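Chain IDs A, B, C and D follow the sequence of writing; residue 1 opens each chain.
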Amino acid sequence: MVTKEQIIKWLKLAANVMQENKEWLTQLDAAVGDGEHGINMARGFQKVSSHLPSVADEDIGSILKSTGAILLSAIGGAGGVIFGTFFIEAGKVTSGRQELGSVDIAAFLKAGLSGVIKRGGAQVGDKTMVDALAPAVTAFDRSLEDGADTTEALGQAVAAAQVGMTETTHLVAKKGRASYLGERSIGHQDPGATSLYLILKALYDAV
Amino acid sequence: MVTKEQIIKWLKLAANVMQENKEWLTQLDAAVGDGEHGINMARGFQKVSSHLPSVADEDIGSILKSTGAILLSAIGGAGGVIFGTFFIEAGKVTSGRQELGSVDIAAFLKAGLSGVIKRGGAQVGDKTMVDALAPAVTAFDRSLEDGADTTEALGQAVAAAQVGMTETTHLVAKKGRASYLGERSIGHQDPGATSLYLILKALYDAV
Amino acid sequence: MKKLLNKPEDFVRESLEGVALAHSDTVKAHFEPNFLYRADAPVSSKVAIISGGGSGHEPMHIGFVGKGMLDAACPGEVFTSPTPDQILEAAKLVHRGKGVLSIVKNYSGDVMNFQMAGELLSSEEFRFINVLIDDDVGVKGGLSTQGRRGVGTTVFAEKICGAAAEDGYSLDDLVTLCRRVNLSGRSMGVALSSCTVPASGVPTFELGDSEMEVGIGIHGEQGRERMPMMNADSITELLSLSITEDPAYKRSLPEWDEGTCTWIDRKVTSQPFKPGDRVLAFVNGMGGTPLAELYVVYRKLFEICREKGLEIVRSLVGNYITSLEMQGCFITLLKTDDELTRLWDLPVKTPSLRWGI
Amino acid sequence: MKKLLNKPEDFVRESLEGVALAHSDTVKAHFEPNFLYRADAPVSSKVAIISGGGSGHEPMHIGFVGKGMLDAACPGEVFTSPTPDQILEAAKLVHRGKGVLSIVKNYSGDVMNFQMAGELLSSEEFRFINVLIDDDVGVKGGLSTQGRRGVGTTVFAEKICGAAAEDGYSLDDLVTLCRRVNLSGRSMGVALSSCTVPASGVPTFELGDSEMEVGIGIHGEQGRERMPMMNADSITELLSLSITEDPAYKRSLPEWDEGTCTWIDRKVTSQPFKPGDRVLAFVNGMGGTPLAELYVVYRKLFEICREKGLEIVRSLVGNYITSLEMQGCFITLLKTDDELTRLWDLPVKTPSLRWGI
């Protein structure tokens, strides 16, 4: 069971993690993009974090949706829409809930992934955050099937996201700004995939 | 006696010397001015040099006057007017001459100096080319009084110009662009004084 | 980082305030969400035109707000597409029932944010249509990527559609016109230096003293290729030939579908330039390149166009689409005709483009 | 050195060619000697106005040639005053018997070259009068030096006198007007980076990452003082206070004497700014500073002027007087009145300043 307090803890943690990794994420974006991903993500999550007290009484779905809405209007760029969409879609399938079972977590990860794919059209292998998110979703489901509990399954998901994130290094970007670099994008890890990994890791750390 | 051929040799030599010292003069100007003195002087004397064949039949006065006119229209800036005026005035007092005695040289240096002072209003001590030219004129006169011949007197003039040039280093600029720097102009040798020294040195080398 | 700014996080806002103060007869600023709009908005009896994109490209777009061009511009953070709420609020403020044309540069972030704005506006009573600009021939392999980016043609589209809106064109006619302008223009750029995002404080990329980046975008992103530095004529040749020799460019370009409020891919083609074409020529500086150098480029561009049989009928030379303090330039050529040239010539009064008024 | 140029020695000429090609409806170029002049010159029934100075400051002056501003501009080599023959030939080409007003920035090179041109023109049948601009408060100890340099007020003088000439002012009235404009303006500038003269290839000075040069000129010469880098608000305060707190500036300023064809020192005074003054405000970029930063400066300037009781009635923000690719800015304030403001507002059509036409 993941409680609402843990969800709130997650989002606070994510804000800290984004702040701590701001420069790294920005450097990753400078290599293949326009050098502001970390700055924007940190700003967005900072705003989410400072907004949390005012939504503490609401259900998990509302909290996730308002998180998505804040990211959407505070980040901008591809990152803002993609991460905003992830949380909005996750919020939709957790509407009214005060706590989430492992099946709910599976559902919200899946909803987030399919929302992102629908919004951005990226497939696995296009060198985007989808390359970290999709394997995480799969790993989470598989762990549950193997009888793991939520925490264990989240641990597997984070591990898969990390692998996915690392492997973006070897890909040629097909979506997003990095795609303009063509072959030159090889050798650089995708900043969005890195953010996604950090966010999932924060969820694991919070529960 | 300084012959017309020696005057022509002087101007060619001056063109080479300006070309060779282009960067040094420009660096001196960069320190206290706008960093183009050497470039402009080299361009001007280059034009003088390539124009020499067409005036080879004229008298020394005409050659010096046309040298001044070319410098005036090919250099620009303070340097163009100052060095242009020097040669134009020198040309006026040597009009019609095919060779110059030591008294003629004394006259043309003096005419050049007073033309420059009239044009630019700089006094000795203002950190301009006058600080090299004025002592050179005095030294030339004094050497003649002491019984020196033209070559010896020119040698003394060059030596005096060199001292004057070096001493501009310790002066606060009162005229020209360097004057905007105030006290900050101290410690830097004046580019125009340096050019004047090089030009006089070329005359000495040519005779 | 040597910049005239205070806190990096206040840069966009303070710059916007400055524009509004300096041009108070022409534009007003709105904050939270941020946008700049015509001082006399909403202007009745005309379609409203809005645009937007990351900041750091000034004067684009905020310098193009005013009579005869944009009704509003939505600046995002530096190099960051604006957010849906900016676009939404700007559209709502400037429209007057005749609908809104929204000119969007083809970057995934912009495309998605303007799409979301379009979705959100679908419940409003006025029509809202996004049109994409994708003119950057520096992007290769367009089919396997996001496609070409929107660069110099954007200025032409904003001026020409702005004039047409003033001239009474309907929204549908403006959409057709804007798409036509997009299919008529091509651009290509080069960077001689990188730029520094204020909040980051370090140059986005490093470039050696004798290197240049070719086929760059306008966000400090690197180009397709790093090449040895060349002289102005050779650079101009490289850029202009990429444009004039570009074959027919067929692609699936997202077109806005009002019914579903989403982008639908449509096959479109930009025809290549051919002898006899009349063109509008644009030499754009990236922010750190002085005007005198841009004219050296224009001089060579003029010569090349003449050799290719392209007649330059109007020109624009200056820093209009910048990447902060980057050095370098973009060249844009737009095939024109009587209609486009007439619209280009019509009066415009914005902070950064002005004539006839 | 990363520049868009070919051979350094061709830079001025090629840039001039580019301007003439890009704005062929407005200006024409003359070579050997080099100058740019109105395409419709000589314009009858008006006094001709010319100016000139070193190149590397573009758009000044070549970008200001056209209806309502200059009849001709004489660009010297980079940072090098033009030569007498340029000024002479330009004046002869554009005058139409009503005389020529020549606007000269107070640098020893310019002063002497324009003087020689004036001497040479004394045998011509038309009148030729030089007027100096000396508005740079960055120069201290004016009496023991060449005096203050001419910077931002030059743009105001050229626009205002250009409009007045178009409006029918006589040469004598224009001379009075131009001197009055000069006594009404003050400027002060800062450099965040050096610049590189093309023919030299190395930066004129070195500046540390956290340093700036205050009280600079426009030729890449260093300023009075090197200070630690500050934020935009503090820099703006430093520059504007140097201007607004500058006491009455009494000096002997060379005035052109037509009879003797030479400069004669005259005692003149620029009165200090005082609460209630209306001003034209000008934030000028040095070439490498992007527009967005200049607006951040303008924002603070506006605030300071309001606090000081100075009412900004018109403003100009942009890169108008540059030092090649230098980063930094100049601020200029000009006390105005109904006459000056009206003349400022009159139509102008030049490559780089245009409104009303």
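Here, contacts are C-beta pairs under 8 Å (C-beta built on N, C-alpha and C of every residue); 3 or more make two chains touch, one makes a residue touch a chain.
Remember, predicted model here, so these are calculated numbers, not experimental data.
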Labels of chains that are neighbours to subunit A and to subunit D: C
Remotest chain, subunit A as reference, centres from CA atoms: B
Inter-centroid spacing, subunit C versus subunit A (mean Cα positions, whole Å): 31
Euclidean distance of C-alpha centroids - subunit A vs subunit B, Å: 74
CA centroid of subunit B to CA centroid of subunit C, Å: 55
Category of the chain touch graph - line, ring, star, complete, other: line
All touching chain pairs, where touch follows the definition stated at the start: A-C, B-D, C-D
Subunit C partner contacts - residues on subunit D that touch it in the complex: 2-7, 11, 14-19, 21-23, 55-56, 58-59, 63, 192-193, 209, 212, 229, 231-233, 235, 287-299, 302, 315, 317-319, 322, 324-325, 327-329, 349, 352, 354-357
Residues on subunit C engaged by subunit A in the complex (per definition of touch): 9, 33, 54, 76-86, 107-109, 112-113, 116, 138-141, 144-146, 149, 197, 199-200, 202, 204-205, 217, 219-224
Of subunit B, residues touching subunit D in the complex: 23, 26, 30-36, 39-40, 43, 72-82, 119-120, 173-177, 179-182, 184
